[in-house]
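Both complexes below contain subunit A, partnered by subunit B and then by subunit C.
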Partner chain A sequence: MKGNLKNEEQLLKEIVSNYNVEGKIQREKRVWINTDKENLISICKFAKEKGFEHLSSISVTDWIKEGEYEITYHLWSYEKKVLLTIKIRISRKNPSAPSVSSIWDRNAQIHEREMHEMFGVEFKGNDDLAPLFLDDWQGLPPFRKDFDWREYVKKEFYNKDNEREVVYRE
Partner chain B sequence: MKKESSKKKSMKKIIKAIWIFNWFNSCGFCELVPVVGSRWDMERFGMIVVGSPRHADVLFISGYQTLKSIKVAQRIYEQMPDPKVVLALGSCTMTGGMYWDSYNTIKRLDDYLPVTMYIPGCPPRPEAVFEACSKIFQHVKEME
Partner chain C sequence: MNNQVLLEPIGKDEYELFFGPAHPGSGNFSVKLKVDGEIVTSARANPGYLHRGFEKLMEYRLPIQNAVLSDRICILESLNWNLIHAEAVDELMGIEIPERAKYIRVILAELSRIQSHIIWFGVFSIGIGFDTGFKMAFGYRDYILDLFEMITGGRVYSAGYICPGGVRRDLPKGAEEKILNVLDKINEMVKLEEMGNPALSARAKGVGVLKLEDAIRLGATGPLLRAAGMRVDVRKEDPYEVYDKLDFDIPVRKEGDAYARYMIGIEEIKQSMKIVKQALKDMPKGEHIAPQFKKPKLNMKIPEGEVYVRNEGGRGEVAIHMVSDGSAEPYRVKIRGPSFLHMISVLEFLLKGVQIADVPAVYWSLNICPADLDR
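== the complex of A and B ==
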């Protein structure tokens, strides 16, 4: 690893010693923290106080074989110029996670709304989880690995007797 | 010679220029850009893009249409004054195109809107757009 890692090392040390979690310096300007959902809010609050005011994104990864969702929070600090990545694992059955909208407000709210729509994760504490892109959606959340979109499309769109679409159905 | 109805006569007078309202998703506007640009320049034929569907004669609909955006397109169509014409540009609009197995795009436009003409291609050639537009004049003249 090249360069001066003073910021990264100090940050990692503080978080690991305060909250008893795993973490590592991925590379220059990148710090990863693995934690659980009980610790999430307190770590996020701590990070906000340390200057991580920009929540770049919230993403969900579906690890279907392990039966878990991984939620990733990317935080950026304009002072330290470090991207802090916080990861939590939650169960795939009745997935729920605490909302960070109390910390980053609308910034977090819109990301959580999208992830709720695409993966069905319930963010507790978020007051608006209304559908964002999908209207009148009936099926499974579409980004889940067990959502068979070909079956869904065949059922929803190609079920009519239409000469032009026979090609698709065969 | 058959006598023309008064409506038809007045229509003939009116139809000199077509005013267009665009409803374009994703890459949609790229398909019309050459027509707007200086080489093919649609304004010399009196085709201009207007800001409100209430002023428009023609609705250009292009790009893939999602289930959410087609509702907006339907509302736009309803706001347009008669006589109105809908032109579908490009393959995604007409059949879903490369999004034929997407869970959120429509697969047949004419399930949702009465389409007057289809202009195929990805993107359609400017010549094809102009031919379709000249057929609009024909279409209006033949209307009862």
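== the complex of A and C ==
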């Protein structure tokens, strides 16, 4: 870790003291916060007020062994020039999380729409979760760890009677 | 240009019109427009024609394989995506990159940016019916592709040239001189662009105005934000490689219309040329790849952890969130492409209320790429 971490330390201190959450400074310009879904909206509102105007992306990680999804919100402040990442964990059964589209508007709405399609996470309060990339998809949300695309491709796209394709099926 | 148009009445005086995916100027992407006479009343983006699921594919492969995969994310600026993937793995594994490799990475990323901006100029020209601009742009772009062929071995896809640990090979003999010669050629092109074609400025001025507050709200980054009046650039704010040692400016304009974005593109080509020249001058001698990657081991484990790396791509902010659980393959890779928001939220917003004839002008002025939207 190098350079001046004053901005990062101050930010972390403010959030930790106000919301009683864990956090760490990974390196210059990177602050990571762990919280739960009850606190999410109030922390996000606080971050937006502190100048985190840009929601860089929302990502979901499927921790299948623990039976949990981890949702990460990557926020960038043009003013402070710091990236704040907020992480929450939700259950894999009936996964749902509050939507941050009331805070970051269309930007958040579209990120959530993608994550809903790929992981099946329900974002409560997001009014448009229509499919984005996949047309008429009926199966498991495809980015989940228990969706095996290799099996799917073998089953759906290879012709059993064609001996030239045997090599791909095995 | 409207030979692929599909018209369907949906109400009194209102029609549904498809722009793309077979439209000659739309790329692998389509927008459903609702039009009232000549005016677009609402637009809805319909992506997915290029969805290849890179995020999932990368979970099954080693970083050395993913390096090759990563340049397919965006066809038009493969080296920038190569670079960010390599940076994510470098940071997770804590690898020290040799100084020379950093300079080579910067040179290639900037050449890639110039080449992508030239395409931007080309497709924007053809979108508004200025065919000469298109031919000019693609002609000059080939000089840079020749350089890529000489350095990386591939003209469009660099096949993982920028790999974890550094770059695959050192610059070949005489490369510096050739790069400088090509920059002279690009300078010619920039002069032609700057002449200000009257047809181009008449079609672009005042079209697709994106105000700063809307740009921030809709998640616009890169050239779009700079054309709307904000001095932002990831290379300056969140520096990576050796950008903090190089001297360059961030061009800004206030108007926020298609013409301003086009002018920003020209200015950025000039700045990128400046960076390449500096990097060539300052580049030290030495190794081009970290010692542990000289002979890549296939079962090299990635330490547990997660990183979020951001770069300034030609089209805006590109980022990768990489999570590792300690095995050889990454556990999760989230790829953030700039076009994801530019082509959905920004485009839908800007198309509302424009004339049908201005749709391609707005569309191509956003410097977009369906490939990095769909991933």
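Criterion: the second predicted complex is superposed on the first by the 158 of 170 C-alpha atoms of A that agree within 3 Å, B and C clash if a C-alpha of one lies under 4 Å from a C-alpha of the other, contacts with A are read in each partner's own complex, and residues count from 1 in each chain.
We take it that a contact is a pair of C-beta atoms (placed from the backbone, for glycine too) under 8 Å apart; a residue touches a chain by one contact, two chains touch by 3 or more.
From a predicted model like this one, the values you see are computed outputs, not experimental measurements.
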Q.
Per the contact definition in the header, classify A:7: touching subunit B only (first), subunit C only (second), both, or neither.
A. neither
Q: Please indicate which partner A:34 is in contact with in the superposed arrangement: first for subunit B, second for subunit C, both, or neither.
A: neither
(Q) According to the stated criteria, A:149 is in contact with first (subunit B), second (subunit C), both, or neither; which is it? (A) both
Q: Counting touched residues of subunit A, say whether subunit B or subunit C comes out ahead.
A: C
Q. Which partner does A:139 reach: the first (subunit B), the second (subunit C), both, or neither?
A. first
**Q.** Which of subunit B and subunit C A:157 touches, first, second, both or neither
**A.** first
**Q.** Interface residues of subunit A shared between complexes with subunit B and subunit C
**A.** 133-135, 142, 149-150
**Q.** Residue numbers on subunit C that touch subunit A, as the complex places them
**A.** 47-48, 51, 53, 55-56, 60, 216-219, 221, 230, 232, 237-238, 307-308, 310, 317, 319, 321, 323, 331-332, 334, 336, 340-341, 344-345, 349, 374
**Q.** subunit B partner contacts - residues on subunit A that touch it in the complex
**A.** 133-136, 139, 142, 149-150, 152-153, 156-158, 162, 164-165, 168
**Q.** Complex contacts: residues of subunit B adjacent to subunit A
**A.** 66-68, 71, 95-96, 100-104, 106-108
(Q) Help me check something: in the complex, which residues belonging to subunit A touch subunit C? (A) 26, 29-30, 53-57, 59, 61-62, 72, 74, 76, 78, 81, 83, 85, 104-107, 109-110, 114, 118, 132-135, 142-143, 149-150
